[in-house]
């Protein structure tokens, strides 16, 4: 089974998720700076989620590139990941509209946690299909970044009830971790 | 006529359907757990519809993979299927918002029924084009799963007026039927 | 310049247009049949527009299949067509919500007219690029269907102020004209 | 790393951006011409933004055509561009709804400015990857159009507080500049 359509479908869903989030930036009826003020937390949560969807698209792109064929298990593991990512616009809007109150921030972390687990499952399903000594298995390696992310989310979720800003800081930290040192590791793995 | 664009267009429509359904999860203005309570039935109907669209995408993927070329009839049979699937967000939202009242659940079943019939028509149009002894015709076989689904929907629709939960249970049953034993049959057909 | 991306982008835009129209079917708050009654004209205008977008996608598919390469003119002629088609959800919703009042129906016809003209321009730009004796030019032929459509729209628009139902009947007639006898002509042209 | 998916994802995002803007054309409840009057500025800002997204899609298409492979930097430079473009529906709606008041027009210009800068960065990242003497580097040349655009935006933004119509005129001017003389330059560069 070719991988072209799973890529096309995932691209479509991710493109829609990333774009409909902007609809939460409700257009103000006044043309004044003060009218934009309540939109600032919505904008910041949009920015964070945009980066997260970007990271997922990026990693998804890399992951499927190392794969030649897919089977039914892969299709469903992929849909499972897309399901959790499809909830990101909801938790993004909820967090933004409530100025980062504890509960929405905790739910945001919950969705990130389940998306991370879904991504891990997708990786494992692909490795099971490609083989333990495939290029994919070697490239994924021990996947410490994926594991650390899950741990940080698990800490950040209860933490939201103490300080939602600390939780959001941890989500930003995970995003930065995926953004910056990616290439160094990639090179290390490829060498 | 190549099949690339029919796949791309269907992927686009299905990706949008699966993603706009989440917009029915209206973001609550309060940051409390009680604010999420009215969203639970909306979420559950979203989950069911997500799985259904996933199944259709999956089956559509398999179906077109067994095909080499398409003609005008196939394009219209495909659009007919997409039309019924495009109504799923409406019946999903109606069912969710009315806590699974009888009428929305019956309409939900009606859309599932017509989508199943449209899928059956698409299969037959493709077999007519590919030939009765084509790989596709053999892979589809007697299509008992498709036929049983139609029968179950036809029972579930009037049943909604007795117990909408029983109807929803039957819709879940059909979804599970398509999800689980798929591979065993596939193998049987391929052997 | 390859034609792959112009197809992909058009598929994306058409898939979104065809799917967001369904958002005009506002989910009723009651679970009763009477709550669906005001949705009937909205549903019928959705159905008509779905068929129209389907016809355009279908014809667009055929048109670009006869083409090998595209240039900047083609890209802009294509965007011009997509612009008019992007207004179809607006006139569809306006027509449906106002129970086919004269003005929305006339505007609907206006958008159909400009879309038909835009499609004609796209055809001519492609023929100018491919050459007067290309397979495309022969396949398009005199394009009497395109010309008749424009004439019917031009009649139907002022007619809406006498009887909007007669105008809508003419729009349906054009759709049927494109749906049904297509293959016979196709065969005639190919023989 | 192939460029197919970056094209597909960008096409998806741009197709959604261009299409969801039309949702700002809120369907009036009355079927009269006066009901359309408040929509005229919304329509005009939609038209301008449609042309801008069209130009970006067009240029993006050309840019990636001159490229063979992409790396992680390119993916992020591309996402950065898509981020700014994703804000165009917001500033379009804000400008349209407030009849081109100073502040929304200035913000519109700000988003255009940052999108132009993001496009410049994408170009530079691609040239850095392809090499200073690549076909891409030669085709882009000194990129005076990109630089002039940035200068015009930088003038138009403060100008909005004197006359928002003058600012909008400058945005139209930049759009026309990209639309019309493109081909002459292209030919000059190719000869």
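Annotations for the structure displayed:
For reference, chains read A, B, C and D in written order, and residue numbers begin at 1 within each chain.
Basically, a residue touches a chain if its C-beta (ideal position, glycine included) is under 8 Å from a C-beta of that chain, and two chains touch if they have at least 3 such contacts.
Quick caveat, the model's predicted, so the values are computed rather than measured.
Among the remaining chains, the Cα-based centre furthest from that of chain C is the centre of A.
Homomeric contact chain C/chain D is classed as different-residue, with under half of its interface positions used by both copies.
Work out the mean CA point of chain A and of chain C, and you get 38 Å between them.
Per-chain Cα centroids separate chain B from chain C by 27 Å.
Shown for chain A are the residues that touch two or more other chains, namely 8, 12, 15-16, 20, 23. For chain D in complex with chain C, the residues that touch the partner chain are 7-8, 11-12, 14-16, 18-20, 22-23, 25, 27-33, 47, 50, 54, 57-58, 61-62, 65, 179, 182-183, 186. If you check the complex, the residues on chain B that touch chain C are 1-2, 5-6, 8-9, 12-13, 15-17, 20, 23-24, 72, 75-76, 79, 82-83, 86-87, 89-90, 93-94, 97-98, 101-104.
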